[in-house]
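Have a look at the structure below, then the notes.
Think of it as A, B, C and D in the order they're written, each chain with its own count starting at 1.
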Amino acid sequence: MYNLLKGKRGIIFGALDNKSIAWKVAERAHEEGAIFTLSNTMAAIRFGQIDELGEKCGAEVIAADATSVKDIEHVFERSIEVLGGKIDFVLHSIGMSLNVRKKRLYNDLDYNFLNKTLDISAISFHKVLQVAHKKDALNKWGSVIALSYIAAQRTLYGYNDMADAKSLLESIARSFGYIYGRESKIRINTISQSPTPTTAGSGVKGIDGLMDYSERMSPLGNATADECADYCIVMFSDLTKKVTMQNLFHDGGFSSMGMSLRAMDMYNKSLENDEINEIE
Amino acid sequence: MYNLLKGKRGIIFGALDNKSIAWKVAERAHEEGAIFTLSNTMAAIRFGQIDELGEKCGAEVIAADATSVKDIEHVFERSIEVLGGKIDFVLHSIGMSLNVRKKRLYNDLDYNFLNKTLDISAISFHKVLQVAHKKDALNKWGSVIALSYIAAQRTLYGYNDMADAKSLLESIARSFGYIYGRESKIRINTISQSPTPTTAGSGVKGIDGLMDYSERMSPLGNATADECADYCIVMFSDLTKKVTMQNLFHDGGFSSMGMSLRAMDMYNKSLENDEINEIE
Amino acid sequence: MYNLLKGKRGIIFGALDNKSIAWKVAERAHEEGAIFTLSNTMAAIRFGQIDELGEKCGAEVIAADATSVKDIEHVFERSIEVLGGKIDFVLHSIGMSLNVRKKRLYNDLDYNFLNKTLDISAISFHKVLQVAHKKDALNKWGSVIALSYIAAQRTLYGYNDMADAKSLLESIARSFGYIYGRESKIRINTISQSPTPTTAGSGVKGIDGLMDYSERMSPLGNATADECADYCIVMFSDLTKKVTMQNLFHDGGFSSMGMSLRAMDMYNKSLENDEINEIE
Amino acid sequence: MYNLLKGKRGIIFGALDNKSIAWKVAERAHEEGAIFTLSNTMAAIRFGQIDELGEKCGAEVIAADATSVKDIEHVFERSIEVLGGKIDFVLHSIGMSLNVRKKRLYNDLDYNFLNKTLDISAISFHKVLQVAHKKDALNKWGSVIALSYIAAQRTLYGYNDMADAKSLLESIARSFGYIYGRESKIRINTISQSPTPTTAGSGVKGIDGLMDYSERMSPLGNATADECADYCIVMFSDLTKKVTMQNLFHDGGFSSMGMSLRAMDMYNKSLENDEINEIE
């Protein structure tokens, strides 16, 4: 719509289906004139509809396990080859916890699962950056974004070891942002997004209540996947060149709220019902 | 109980009655071996029971308007005189908003009231520090605390211009903490306390619901005035000499919570009731 | 260049001359298709070159004292009239400290000057918002930005009471952001900009050393006024609709740095020279 | 000196020699009336002087690899046995990076080393807490502290993957603090300490310059290991019962500083020398 990414080349990790934030980012990047490749695991490619997205955007889909340095190397090599030059932007939208899936509580973590959570959801980001850096695969003033969540700062019951993974992810963005910034003017940020009804997140217990609460707490309401895609576009564009090592809240104001009237009204209804029950 | 403040001299601003945090701090400071004076406005002295506290603790009560530099000068002069030496600790527990009292909403502030809110609740802290500094009234390694609230970081509906006053207060603690630290090793901190059922706060609309929510969100529950007094004692003691320019959350964990199970359960009850009503 | 603000109407407060950030924002907003008015004090209009900017951008210049509710009312009324409709974006780039100008140290503040600092640099922002809100002068999904500085979070010697003013400013952005967000989907943010060599800031003592330090600490170097203007544009555009109540660091990474190699190298040279001197 | 820990039982992980913070904490805990055990790896026990400390404090030394759940289980079982009851306080002062030791830069990390860094420096804390929780080994209102560093929030060149480990550590403190708080009123905090000249840290490249800079930036100077021990004592005492899930800066004010006059003076000397050299 604005040609904000005209002439830019990118890699987008983590699109699964049309509910994915990464999917929306791909669609918007395409509209804004970028060319890019898409990457996800072999399983996700089979399970999801990423090929359809690839066709729509003229983007090659490259299977890769983001915990494998070798696979990531292939993604960069192949991307540079098919896109015809070095990369300008990268989206990392990858996260998974076996502890959550297998319903292991945070005080009963399986440590092999924890290692996997950290490897998939956070260390993979370091691997992407280290591979890019070693291969000198990013253009000067390039932009890298990883998606995060406020659980990195504040504990939400049920979010489990993903909270720790997001903290680690955000730290990696800062640590590598320093090095990649001073050397190649690459900026690295995380976007801390509202809870978003994706296929990956839909299984989380109690997600509906939390999303209602989040919606009512946020003055502007929860940010949607489409809106997140818009925000990613501006962070990839040339208009945000000096923003780096930041965790950017894209959440309708949730992170700066202590209590809203709308959420409190809903909460108070229960209090009143409780009191009525006690009287009865 | 521990003689943590043995031999120390202090000034405690803002005790009104036995619900006041400042009142509890005075009682605990007395127990821990400190001697001190008490100060509040003439009106508060008449309206409250501060004379009773003074007798109990052997503390002189000094009337002062904390927005008046002259009055504050008198408090320090008189305190040094009756306590027999320079001051080791100061508590600032002062806050008031006419906009809140007169039910002016935040989008309909009276700017004269706002100036008063800031002067009473925040600038008074600068005046206390500047007077102390000019008079060289504090001993090396002295400790100064002002009481704050999380509204300084996150918006809570109804807290109004007091949120802005607390932000200003916390900034003054940092700004003056730098100067007073480098010159005289004085430390200056704010304690961000759970909502506390004091006489001053009892009139705030919707305070009951908010306190219930805060209680259920905080893993340890809301911190009481007594517990806050304990925390002030350790911050006045010689065991915390290198903590300065900090805003210290004393809130049972509230500030680090995104959502607790207990609060969510209460919230969800309303959601369910709402849905039932819609079905009916 | 991208038509990001096509069809949008704005008000830009605080342009003085072509070094001003507000000046650059006006130029960029013009390029991006916006129409707007410019406002500054009568004195600034005479002293600066704002009329030249107005001609260049086809923008009417409206004299106003931003501490006067009446003057601000006039700015909004006149802007809506000449622009032909409600306002979509507002920039607040206003700050001044008489304590700094008159070389009053932070431990020797003149409290009348402090009141003026807060009124001009922070409360004026509340007045702008309150006037806009009462007049229903902003379009739904409008965007308001005020310029801030990291002194709001961390003490920098010499920044004096402007640090406190910026803390207050950022708090007002949050407090009003909640109300304006829930009611009209207006977003309100502050941008925390690198130290920038403007005419207003050029008199600050020790600014050169600080800017060198800031430059070497920031992986991407200090952000320029031009780059800040770009960032304001994206924050005014429709691509950042769900970002609100945030303080957005636009500083080349400075805020997330503890120590960079480049700054440490410079620092260490002095250390070594000192040691040599001691040996000699 | 104050009997603050009279009757309390503790476990202190990580004392090596008399420069260790954990060593100082043990000495102070002993003075304050606590009984406790000491734990470190077999190698550290041989290499260091922990047996000497054990004798001095009447504390049994228990060898354990803190990455081994089994070893940690043994530490708790044995501690409860020799101390005669459940545990009231735990100190976690454990950290190590093979990437730092082997001089692997952050953009050339060995991922096996990274896994070890995270396991030893952060996940070990989760293991300690999970074991304690499963064994119901902590008394109600117990207190757990882990030592951290500001690198968790802000990047310092050379601190490498330890920055990421500290971020993870602080996240674990919050995540487990929620669960352990709501269930057993246990509080869990991290103390973010000034750079401290310990044997473990002495090998870090450029540590002298950094410590000088940190000293001059901090209004109160760097916090010493002795002072950190005092702070740990108050955090273990009954006077801080409602402080949880916090990262507590114990750093002489460093974390709240943007630039001090003392550090800037030193920095500027180099600038001037540089300019002189350029002129010459």
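Just so we're on the same page, contacts are C-beta pairs under 8 Å (C-beta built on N, C-alpha and C of every residue); 3 or more make two chains touch, one makes a residue touch a chain.
Treat the numbers as computed from the prediction; the structure is a model and nothing was measured.
Taking each chain's centre as the mean of its CA atoms, A is the chain most distant from chain B.
If you average the Cα atoms of chain B and of chain C, the two centres end up 31 Å apart. Annotation: 40 Å between the Cα-based centres of chain C and chain D.
Under the contact definition stated at the top, the residues of chain C that touch 2 or more other chains are 154-155, 157, 174, 177-180, 245, 256-257, 260-261. Taken as a graph of touching chains, this assembly is complete, with every chain in contact with every other. Of all residues in chain B, those touching chain A in their complex are 150-151, 153-159, 206, 209-210, 212-213, 256-261, 263-264, 266-271, 273-274.
Contacts from chain D toward chain A in the complex involve residues 69, 106-109, 111, 114-115, 118, 123, 126-127, 129-130, 133-134, 152, 154-155, 157, 160-161, 163-164, 166-168, 170-172, 174-180, 245. Of all the residues in chain C, the ones that touch chain A in their complex are 2-4, 174, 177-182, 185, 187, 194, 218-221, 223-224, 227-228, 230-231, 233-234, 237-246, 248-253, 255-257, 260-262.
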